[in-house]
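Here the chain labels run A, B, C and D in written order, and each chain numbers its own residues starting at 1.
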């Protein structure tokens, strides 16, 4: 059974973000997923202090900082899918969500310790919606981060749009939010989250001779000379 | 059999981007994928003229512009996976690649015509590497675009870094490039690309009553009043 | 006399960011500016709770949240120039700096109350440097925010690059950091910071007739018809 | 007299971008600026071929590519201010505008040849408006590029928003566009564009001893040890 963790990153528990997240979670349940929602503003999340910049292997669960992240780490590890619904504060996630993302580094940094990210093969969905522009930039920042930690992103894995204050959410946007719930669960079903199989640290060894051989072909003298003639025209 | 289309977006066919792309393609072949590489600078790609801003349904294959994109459209449609390797020109893809991405809109815009993106469920990998900063911003732009067209992104689906001119590519970067080839093919195997099943346009109807019910719970008077007291303190 | 506030957003007071900021401040002093440095991690900065999404005019100094921002607000208001030196945490500012930026909204939101941003015409410089990619994306986020609050940005107003851990800062980078200090002070001298003159809320009234007249010319029938012929080719 | 070059990057000469640009130019004329508008889609702009990645000093005016950029280079050099009005194509500028920006590198790269960017001290304004999200990301990309070439950015130097197709432009947005025209001209008046004075290549020499001295203070043993105790807690 697929476990979905919905993360509300808005301080307004009755706002657009709460509604869109709920819609996604209901859609996930339609596919028999088990869902759980947390409101990030209910937790104390202190800022990351960047330990790994001093000692690479010092950054690891449960983080040297003792605060509510210890509970949140458990929730993240226990889930197959996370869906983050965030407002747009100056074209990016609120600092509260950014602190949460920064602190997730303990999972990713296990690559440096055990060779494996602890979130490898999980699935992410993003809902970034605000009443001023910057929604895509916000979604991009979160999505690039999670993908780089090992999360997979299904087709249409994010939803980002601008909506004027107090305007009712158009039905087409509810549909899109519902589909974020749907596609993340579908993806989780297909890829068996938490299966450690994606990044292969031995891969280069197997193909290195072929790679070197191809590189020597790429260094094509004729091509280089042809280009050189063009680019030196003004010299 | 998984078909991988490698797209080189650098005018330098002997450079870092060419080498990293080749590495990814070799890794894909190790998983029995069939690969094909195209060099974007060998094709004439005229700029998108934004037809859909006038008449929404006018944007469709094979595009009103008659140029080499007609060949490139075929290659894209015939592939399960695309891997784009691009240099970083001012923190973003070169105009030549941007024109290519803009012109791919004909596939995505079929949502407005037939209800379905023609690239739904395919898989994307990105390699964005330059000798100045801006690599992540470049990868983000491409990845957000392709995901929004219907492409899935596997864990570690993009590779972005900065490398000084003339420096040999470090082995760890070759390994990462190889893994872009690996994870995209693995993902394609799991999700059966081109299967039309992700976005469900009927989904909202099924859950709408439940959604409305939950929305009324979200409008929690106590929560709203509690917050109102706080936020009006300075008024 | 120009007052420069240097803001260190790294928890590592002995790191690259501290050094580059110091270099910028020394250069500012060479131009007779008075400088002051604060270390953001020494202050408790709680997350913004987005009051303005409920009641637009509720967001104003000194913010309903009582914490160390009250001191920081004074420092910002007392300065002509701010130079922010930040590490790169997942392609963006650390949550601690993001909380600081979010909370600065009280100054900008005065537009909605008194008609004027309290930081209008001040000058901003950004130093965003990390040991992994994402430096430009980080600088972009901060710069777009500050400019939209009313800060001016001098030529080469930001510096962003990637530097491997433990590598000494190259001299060319120190030079660039020094110039961030220089150009911000030069700019502040020229534009008389804090002079309320930039955004003119009455401007449209003065030119509205001319604007409407030009708009009617822009709606050129021939141009529209010419384009229509092209874009309907596939219909 | 301040010369303003308005650059329309939309293929739709009768659209929102054309109107907003015209509004900005009318406002600039109110401040006695001389304005000129060019429509980028009327020119053939071939893609940049990245000569400088092979031979750094080969990239210089008038570029080895012979096309309409030769005219456009003249327009840019002859202006004190450029205002770019662009639609949003996949969260970024259309390829046509990206090719234009890529090709402007010849001016910036003169730093490597004569020591000076040919656009140092000019002023930039950006209008990025589309009917889907991504406007800020588009504006950010252009603004970061131009600032890094040597352009100054006045307070509220960019305008970015999302507007549904066929919706009339709200008056508040026209006001903001007019102010882009205003603030760029105001800034140009204050900073004497084209004056070569911003980046000082000799600056580091003057302050280097002081910099080194301060760096040794920054390497504070107590601070480093205090932090080390914290970050090693899990080791």
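Basically, a residue touches a chain if its C-beta (ideal position, glycine included) is under 8 Å from a C-beta of that chain, and two chains touch if they have at least 3 such contacts.
From a predicted model like this one, the values you see are computed outputs, not experimental measurements.
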Residue-number overlap at the chain A/chain D interface, same or different (half cut): same
C-D against B-C, pair bridged by the larger set of C-beta contacts: C-D
Chain B-chain D separation of Cα centroids, rounded to whole Å: 26
Centre distance in Å when chain B and chain C are each reduced to the mean of their C-alpha atoms: 30
Centre-of-Cα separation between chain D and chain C, whole angstrom: 15
Sites on chain C at which at least two other chains make contact: 11-12, 49, 54, 91, 136-137, 140-141, 144, 148, 227
Contact set on chain D toward chain C in their complex: 11-14, 18-19, 22-23, 26-27, 30, 120-121, 136, 139-141, 143-144, 147-148, 150-158, 171, 174-175, 178-179, 182-183, 186-187, 190-191, 197-201, 203-204, 206-208, 210-211, 214-215, 218-220, 223-224, 227
Chain A - residues contacting chain D, complex: 49, 51, 54-55, 57-58, 60, 62-64, 91, 133-137, 140, 160-162, 227-228, 230-235
Chain C-touching residues of chain A, taken from the complex the two chains share: 10-12, 15, 41, 45, 47-50, 53-54, 56, 87, 89-102, 105, 131, 137, 141, 144-145, 148, 165
